[in-house]
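Presented below are the structures under discussion, each in the form of structure tokens.
Across the two complexes that follow, subunit A remains constant while its partner is subunit B and subsequently subunit C.
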Partner chain A sequence: MIFRLAVVGLVAFMTLPTVVVIAVSFNPTAILSFPPAGFSLRWYENVLTYPQFQRAAVNSLLVTGGAVALALPVGTFAALALERGRLRGRHVWAAVLLSPVVVPGVAAGLGFLILAAALGLLRSRSVLIAAHVALILPFVVRSVWVSVRNLDPALERAAASLGATPWRAFRRVTLPLLRPGLFAGLLFAIVVSLNEFVVSLFISNRVTEILPVAMFNYVVNYTDPTIAALSSLFIAATFVAVWLADRYLDLGRVFLRH
Partner chain B sequence: MELRGCTRDYGAVRAVDGLDLSVYESEFLALLGPSGCGKTTTLNLIAGFVPPTAGQILIDGADVTGRPAHLRGLGVVFQSYALFPHLSVWENVAFALRERRLPASEIERRVGEALELVRLDRRGRQRPAELSGGMQQRVALARALVYRPRVLLLDEPLAALDKKLREGMRDELRAIQRTVGITTIFVTHDQAEALGLSDRIAVMSQGRIEQLGAPREIYEHPATRFVADFIGASTVLRGRAVGADRVAVGTGPALHLAGSRALSAGAEVELAIRPERVRLAPGAGDNVLEARVEGLVYQGAQTEVTARLHDGQRVLVFVTEPAPVPLAVGQTVRLHLPADAFMVLA
Partner chain C sequence: MKLLLVPALVVLAVFAAALASLFRWSLLEFIPGSLQTGGLTLANFRGVLAPQYLGAIQDTVVLSALTTVLTLVCAYPVAYALARTPSRRVRSVLLVLTLAPFFTGAIVRTYAWVLVLGNTVVSWPVPMLFTERGVLVGLVHFSMPTMILILAAALSHIDPIYERAAASLGASPARVFRRVTLPLSMPGIMSGGLIVFAWTLSAFPTPELLGGGKVKMIANVVKDLGLDSFNWPGAAAFAMLALALTLALLTAVGRLSTARAS
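Now for the complex of A and B:
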């Protein structure tokens, strides 16, 4: 009984902010007050018609899409190299590639800002994409690496003995068997990139800013529930992504097995 | 199939050391040795999975030393079977044929034949993980044989099976090899497997071949102490030659040897004898040594007796039950050592 209460209490504590945001998003009045005074979808309408959010949504899709498209093959290659390659100082490489960036977001953002300025790329989305690649790569490498480690090296030898060139062996044997890790890595990369804020704040402007930055800028200027509505949409999207991941691959297996 | 002076180093470790080996057409050859003796590395050299540090590999007279594994066209069965878990049994077997871009009807026919050969024609749609260990083993065999390779390489193919299954599979393996008539090289650490399956055995130790010969030859005439120790149980006695065919062991009477090479008098000699050739009997006679029983291990069909000679050397004896003399620890027994049972070690 006590345990049950404790668990319920903890879950309530952890989900309360989310619940509050979702509730407030349906508030008919233009203030961020809880509990809501009624039910209205006007703030959702506002989200979808506000031009700066539309632009930021497109930016988010471009940046996340570009970063994921780069990070997935690069991360897969890195995971294979870590496991198979004869690298000097493998442990150091592994530590760097497998842990999410540990420097504070502000410091990383500042670094990217200075670099982008030096390269004259401040107005470009490419620097955002580059930064996102650096931020999501560890998640991709880690997910794929777990799949690589579960792979019997004899399988590729078997494929070779049966006449498959190294590339064909990779395509017909290795890649299909890495699929769970690739899929998990893809989902994590998307979720992390879509929600990234601190670093992106440093290196974007009104034209290139992604949704979380646009949301922040909105909150600075206005305090109506529009931002709650957008947050609710974000929460829903993330929830769906994690649900998909859990449904189509055993996340416990991917992450707990080493 | 031929290896010429093949050497393979892993860092400072020499896994295979200047190996020369010729394998005949349709022969079943076992590479036998303890773990770490270089037998699996030898197999990997032949398959092309690792390049030799030095030496040459020839198949049908052609030098294939620099040829990558996928162009060697050999069949390999791995210890772990290495079946592709994401493909059905049928697709596993079809893998090599698809790589060779054969027409669909041809693939259909040959996969069917291969699965029939290993009696798995009804399991084609299943995934490897749904099959028992023995069945997986047969899938691996079918997959390796389906494109009719010139040479079949087997890496401890029976090691992962339990004892009963292993014996059945051993007979089946031999039958399939005879049917297909394929040159087969078989890596094992199990002497019984090697003795029972192969035409010739290469006993390996520390990256070298200690002895190469037919199973009976290896068992009855081991060339070195290592082979005598590794294949079957044996007792090695140290003595001094007192004539071309006479050896003095300890304080006992000189032993008479039959059928061995002539010894030079005065030379130190090592004699090996199989425990099943030593007899315990009360009477006196030629080639009889006295010993004290030190240990008895009753095993049902036989009893293993450890006896110590007067000079301290130990002799292992397998006594078929029921024992001809009552056995007790501490008792003095007479060991009858037949003259033709001795193997003179190099």
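Now for the complex of A and C:
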């Protein structure tokens, strides 16, 4: 009984900030109050009409879109090479491929800033895309690798023995069987890239900044609930994504027994 | 097949080049008021140990240690419920509620705590926002999903039959936990603890927003020096410190898991 209460209390602790953000986002006044004094959508209107957020949303789409489009095939190829490539020291290669996740954000961010300055690319989104590709690659490799490992090579040999070219066997047999891993990798890559903040803060300016950076700058400068509204939109999108993932991928299986 | 690794290695080479630039600049002399640098020097690393930064380093280590312990204590019951519940629905609800913050990103989560800790409705018995206490709450909340996942994975590998055997031999539930469950979940506790400690050492958005400039951790010093004072060499030295600490700890995690496997 005490145990159950503790679990409920801890889950409440985990969810409390989310609930408060959503409640505050409908608050009618600029002075933050909880519970809200009424109901208003003005902060949502503010989010959609604030030019810096519009620009940042476009940047987020471009950076995440570009980074995911690059990282998904690159990561898939790497996962195939890791499992099938008869590499010596496979675990060393795997550790190298997964290493960007463990590098502190400020170290990677400042490193990319210095590198970009040396190459004269400080005003360009390409640095953001390059950094995001490196940061999301580990998630793609990990997700797809699990699927490659569960793939029975006999199925591809069967396709080949029935006369399929290697390319056709890859497209008609391998790719469809890798779909769960590819889907999980895609989801992780999008979520991680859309939320990436620390590295992006170092390598973006007012023109190239993505949404989390624009949100950070807004929080530092203003105190009205506009960010609560934008956060609520992020939270809603995330809940839908996690719910879909749990529904179609059984997250328990993905996370608890890799 | 081996050639398929090449594109990924190109990406990693860019990443490595960024870290190499960081390392090089940490050894270059800073000329105040200029982005030009002087010759090679170790002054930046001596600067890391300057009196005005010792507080930040000390705060970082203390906050990381406290975060690790509190996160372990808070994550354990949730992880246990997650690993042992027979109902798929309960498991799904627990997973979605505890994992969603994991996916909502640092800014949204930290801003949410700014609202909770700085609210004017429920007054906290002690000041929370812009204090170490407030930063600690945010850091624990931030580390919880990771810790819950690691502990739940470790706990789901323990066969409940051991616990039932101990109980049938007359052990009280508290004794079963202390003598059976806890020791068997020790690998998860160790790796979860080290990973959270390493992550917290380089935490940035939480102390930046919840500390409001009054609480500084190593990463905040990197940002202040690098983005506000344009002292890239000094910032690079601090970033190298964060990188070295994190890598040392994660190597320890790796050692631990290989030692266990053999």
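Operating definition for what follows: the second predicted complex is superposed on the first by the 247 of 258 C-alpha atoms of A that agree within 3 Å, B and C clash if a C-alpha of one lies under 4 Å from a C-alpha of the other, contacts with A are read in each partner's own complex, and residues count from 1 in each chain.
Rule of thumb we're sticking to: a residue touches a chain if its C-beta (ideal position, glycine included) is under 8 Å from a C-beta of that chain, and two chains touch if they have at least 3 such contacts.
A quick note: this is a predicted structure, and the numbers were derived from the prediction, not measured.
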- Task: Check the residue A:Val133 against both partner chains and state whether it touches subunit B (first), subunit C (second), both, or neither.
- Result: second
Larger residue footprint on subunit A, choosing between subunit B and subunit C, goes to C
Which superposed partner A:Ala158 touches (first subunit B, second subunit C, both, neither) | first
TODO: Tell me which partner A:Arg149 touches in the superposition: subunit B (first), subunit C (second), both or neither.
DONE: neither
>> By the touch definition at the top of the document, which applies to A:Pro100: first (subunit B), second (subunit C), both, or neither?
In response: second
Of the partners subunit B and subunit C, which touch A:Thr238 in the superposed model: first, second, both, neither?
second
Name the contact category of A:Arg171: first (subunit B only), second (subunit C only), both, or neither. neither
**Message:** Looking at A:Phe3, would you say it contacts subunit B, subunit C, both, or neither? Reply first, second, both or neither.
**Reply:** second
Listed in rising order, subunit A residues that touch subunit C in their complex are 3, 6-7, 10-11, 13-18, 20-21, 24, 32-35, 70-71, 73-75, 77-78, 80-82, 84-87, 93, 96-97, 99-100, 102-108, 110-115, 117-118, 130-131, 133-134, 137, 141, 191, 194-195, 197-198, 201-202, 212, 215-216, 219-220, 227-228, 231, 234-235, 238-239, 241-243, 246, 251-252, 255-258
Within their complex, subunit B touches subunit A through residues 47-49, 68-76, 78-80, 82-86, 95-96, 99-100, 143-144, 147
Listed in rising order, subunit A residues that touch subunit B in their complex are 152, 154-155, 157-166, 168-169, 172-173, 176-177
Listed in rising order, the residues of subunit C that touch subunit A in the complex are 1-5, 7-8, 11-12, 14-15, 17-22, 25, 35, 74-75, 77-78, 80-83, 88, 91-92, 94-101, 103-109, 111-116, 118-121, 141, 144-145, 149, 152-153, 156, 198, 201-202, 204-205, 209, 218-219, 222-223, 226-227, 232, 235-236, 238-240, 242-243, 246-247, 250
